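In what follows, structures are represented as structure tokens.
Shared chain: chain A. Partners: chain B in the first complex, chain C in the second.
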Partner chain A sequence: MSTLDPAAAAPARPWSIAGSPLTWAALALLLVYPFVASPFFIYQVGGYALVLGIIALSLMFLAGYGGMVSLSQMSAAGLAGYMVAILGSNSVGTGFDWPWWVVVPMAVLVGALFSTGTGLLAVRTAGIYTIMITLAIGMALFLLTQQNYAIFNGHSGFAGIAAPVVLGVDWHQPVPFYYLALFVAAACYAAVLYVARAPFGLALQAIRDNPRRMHALGFHVLAHRVAAYAFAGVIAGLGGVLLVWFNGRISPGTIGVDRMIDILVIAIVGGIRHPAGAFLGAIFFVILETFAIDIVGAERFNTMIGMLFLVVVVFSPDGLLGLWGKARRSLQRQELPNN
Partner chain B sequence: MAEPVRTTLGDTGAYALELAGVGRRFGALAALSDVTMSVRAGERRAVLGSNGAGKTTLFNMITGDIALSAGSIRFFGEDITRFPTYERIRRGLRRTYQISQLFGRLSVRDSVFLACRGVSRRRFSFVRPRPDDATLEQAGRIMSAVRLEGRAEALVAELSHGEQRQLELALALAGAPRFILFDEPAAGLSPHERRELVGILTALPAHIGYIIIEHDLDIALRVAQRVTMMHNGRILKEGTPEEIESDPEVQEIYLGGGHG
Partner chain C sequence: MKLSPLSTVLVALLVAMLVWLFVASWPDWLTGVLGAKKLFVTTIFNGVTLAGLYFLVASGFTLVFGLMRNVNLAHGSLYLLGAYVGYTVAELTGYWLIGLAAGFLVLSAVGAVMQILVFRRMEGDELRQTLVTIGLSIVAADLMLATWGGKTYQFSIPDWLNGAITTPIILAHRSNGDAVPLTYPFYRLVVLAAAIAIGIGLWLLLNRTRIGVMIRAGVDDRMMLSATGVNVHMVFAAVFAIGAGLAGFAGVVGGSALSIAPGEDVRYLLASLVVVIVGGMGSIPGAAIGALLIGLAEQIGLAYFPTYGVVLTFVIMVAVLAFRPQGIMGRPA
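Now for the complex of A and B:
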């Protein structure tokens, strides 16, 4: 899996690990981006899109490879973010003040455990029922954080959370944060691509296509699905840590139902069949969210993103990636007579 | 089961499969009643019967897709009546499906690879196999056995019907099976593909026993050593292919009286 067109890429060189020229070009572009962009674009657009992309990637892994659309990946990320605030330091003064190298693994672990627990409850369901049960789980966490003051500080949540200063670098500054987010995003992206072609990922895709047959090949389908939720939870947890460092604060609003649906919109608009779709969708979403205010006003943002969502889904069920694939195939068809 | 069973090799007298009083009701409908049959290790058995005789239901109960209402099932002496499907598979049981149950968006190689890995402890591995991986080599041998080696990288959804039937066989042959249930493997195949199928079935290692459900009598009687005749969810007759073919009651029910 090396190009952006999953349908064309899958059968070509199934065991290759190296990226395609397009992947390397995209990475080069992302690496030089801070040299040409303003701090606002580096942080508010670039950094934010990478963070949302990581959380959407967690959903993409479950939905694209596993056929399980989980709305609660934002909740797993948010819970990890809460752990950063609670175990580290915050302006409320209730933090444990543990060092970042303890806080981050713990936060990711809690996010992964939450996702695994969601999986345990959700893997017996399919389709719309998976969406409903994960929506319910996400809402339960949202209401818990809103009403519990002892741990989650209720409605107001936590503020004053900052990325640590490590190796003399303040990772809260736009350029360092951007590169940190880019590094984590690239690592998660590569991990998802790698696992997709490893036995675990192949089995997950086979379960998506035909769970009954996988039973008849000796696979414990439900255990495999739960393990997929755990893996997706690690990715969501990493995204959640970055999200709380990005915002500097976290409150129930961070994991509300509208935020849960945002992640779904990002993954679907970008294209659910390839990990690149999560990031493409996130860039699209963040640019719209940032500039729609100037064009249609803040109140109309949801109308606009909703309409664009409809347009993409109607014209390209595989999202923006699907459009890219279509364009490339039609170009190839035009070139054929000349050869 | 008084008469000796013709097996080519490895007949130690052990039973691969023992069904005792197996029954299944769907509400008021008795799909299967009191099915008792034993198949020796390495034996090749055909199950015949008209539509609705309960043949596929029998397979679903042996693999654990459907729970039993009554009776018990032993596999190589072990009571597997309450085992989940994957536990039965890991003990060497395999099956194919009347309507191909495949993975449309995976390649042929990946499908066979997974079938080989399904019974190994490394089915959860997050590490990609190396090109010289033993499971990959095993998958290559199985693809050759079912004559799919030229289509290894093709997506399953792009295969012809005949090729999908071959892949059905490949998935059942993967991972050292001891006993296979073939559910109408010849369904929809051309005469040429049917000849190939017979070649594949007769070339199976002698220690692999099977039960085959097949409406094509020419195939069923050629690849089986014994035949079990089912009717309305019960076992009607059991015998050699010659005995079954010449039995007047069987001819009346299954062959419409005037066959052959």
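Now for the complex of A and C:
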């Protein structure tokens, strides 16, 4: 029996690590990381993994707590990124040149609205339809950005988008960007954990496990689900803003089907039961992507990542976190006789 | 389906209007609104023939879903693989029809193997099955890229299918009074005919044969079917083989009408998804209606609002989801 099945009643967070020494150790490690790593590792590996982790976190929230596997979270992030390019400044010269403190909230808002709209459509049907509908919506946005030159500048998209210089710090430099991404990631991580334990999150998890009973108890099932999409959209929007600052450019390729699937792969490989899985998966994914050249050659990266994904789905549905949980449980079992 | 007298009149009026649009010589004001008659008629023809192709792809997808609740997101990959296999075989043997048969047969085998080796292991676990199909499609797309490379292939269609035919539809009159008829590629009309034939064939298979009885019983209650002594696994493998074979068949047919290139898998997966979301999951008539709507919407969008064409398709999907979440012909889950 797979624990990926949203209908399968899972014990509430069997390996909760929030507030545990492990969380603080991980945070300390992430804070110290820039002092020991080279700029390449800080930016291309550390920063990128955090950004992808934030977007995967929004998928993890919907799938893990809501039981709704939405593939269009990458599209919500990408749309927010597009908004940064369109409302801010870009090298195509079509930007509105608004200041960053207007652009960023607007971009996040648009991402959240897109996600909410997706949710409004997707929650009308249940279960397996969600993947189909969100995949179709994401593909439609991809095709629209590719065909439309008036707003999205078509195939070439936008380039020359830089993170702003605020408080005398150029946030595009590796170390500041890393800390910015780390701050946003930590905030999103904490927010997800908080919401998961708040009444809303508990109701959402109950709806995941038994929507009919929750409906009978008087909860508005659809409203909870749509609200979950809205919350996930805010996270995805933040991730999208960081992503476009990271890349400095955005084009339809950024929100293509491959990228939508990548986010799913990250969330599933990391483990969909806990927010930490999204970041674990992202670190794993980015390291693999960076060093795939040495393992299988850059050409066949997708075969490798696809195979890995298949192995995880077939053998360890809870991903890397699941493996860790299994290992910890078996260790505890071994220790028991000594007590 | 019974229509009320009012809607019967409305439908009759609509059909009469369409017939008039095709038959009549257009007055100037209509040309002002819709552009030249040639554009309109060609768009409708393109839309309907594209719908035929979409139906071929989506019928396999919806058939598999109907029985197994398995959303096969590798369906686009099956389409593309069928096209590549058909192309390779046709090049080797020199016969297009052998390529077509190979596309169907090889993909049927692939589908049966997928069902037996992969999906049987996780029966009833729909989400995991779907994730597996995503994984398979990633690997398949990459391996196909490795095998056939990134270039675009073009089938050479046999001569008897090639060329254009002259239709009886009159587009305009020359100044000397000669009528200008519409000429249309013969092959695209053959695609449409094939789609209709396969649609009727599927309907007969489902409604008039013993295996069809088993499949329909399986759609309604899998456990009960198994309890009556039917080997459900065989039925599943057969349905998966037919579904995948149809994707391969559509790959060769569609690859001949258009072209074969990496990325086509995603395009036809999207088409299948939207067609079955609109038409209703698991319903063959639904797939036909959905294909017709989406094919027409895509071509009309392409002809009349080029950069927003995809929005039209999307609006149809949204409208259907808003008013009838299970799709036009779908049954409530």
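By our rule, the second predicted complex is superposed on the first by the 321 of 339 C-alpha atoms of A that agree within 3 Å, B and C clash if a C-alpha of one lies under 4 Å from a C-alpha of the other, contacts with A are read in each partner's own complex, and residues count from 1 in each chain.
Here is the rule we go by: a residue touches a chain if its C-beta (ideal position, glycine included) is under 8 Å from a C-beta of that chain, and two chains touch if they have at least 3 such contacts.
This is a predicted model, so every value here is computed, not measured.
K.L.:
Name the contact category of A:239: first (chain B only), second (chain C only), both, or neither.
P.N.:
Touch status of A:239: no partner.
K.L.:
Does chain A have more residues touched by chain B or by chain C?
P.N.:
Touching more of chain A: C.
K.L.:
Which holds for A:111: it touches chain B only (first), chain C only (second), both, or neither?
P.N.:
neither
K.L.:
Go through the superposed model and pick first if A:270 touches only chain B, second if only chain C, both, or neither.
P.N.:
After superposing on A, A:270 lies clear of both chain B and chain C.
K.L.:
Kindly classify A:176 by the partners it touches after superposition: chain B alone (first), chain C alone (second), both, or neither?
P.N.:
So A:176 meets neither chain B nor chain C here.
K.L.:
Quick check on the superposed pair: does A:195 touch chain B, chain C, both, or neither? Answer first, second, both or neither.
P.N.:
Once the two structures are laid over each other on A, A:195 reaches chain B alone.
K.L.:
Between chain B and chain C, whom does A:310 touch in the aligned arrangement: first, second, both, or neither?
P.N.:
It touches chain C, and chain B stays clear.
K.L.:
Under the definition above, what is the set of chain A residues touching chain B in their complex?
P.N.:
10-12, 14-15, 17, 194-195, 197-200, 202-203, 205-206, 208-210, 212-221, 224, 227
K.L.:
Would you pull the chain B residues touching chain A in the complex into a rising list?
P.N.:
The contact residues of chain B facing chain A are 63, 65, 84-86, 89-90, 94-95, 97, 101-107, 109-111, 113-115, 117-119, 122-129, 131, 153-155, 171, 174-175.
K.L.:
Can you check the complex and tell me which residues of chain C touch chain A?
P.N.:
That would be residues 69, 71, 73, 121-122, 125-128, 130-132, 134-136, 138-139, 141-143, 146, 266, 270, 273-274, 276-277, 281, 306-311, 313-314, 317-318, 321-322, 325-326, 333 of chain C.
K.L.:
Taking the complex as given, what residues does chain A use to touch chain C?
P.N.:
Interface residues on the chain A side: 1-2, 4-6, 69, 121, 124-129, 131-133, 135-137, 139-140, 143-144, 147-150, 257, 261, 264-265, 268, 299-303, 305-307, 309-310, 313-314, 317.
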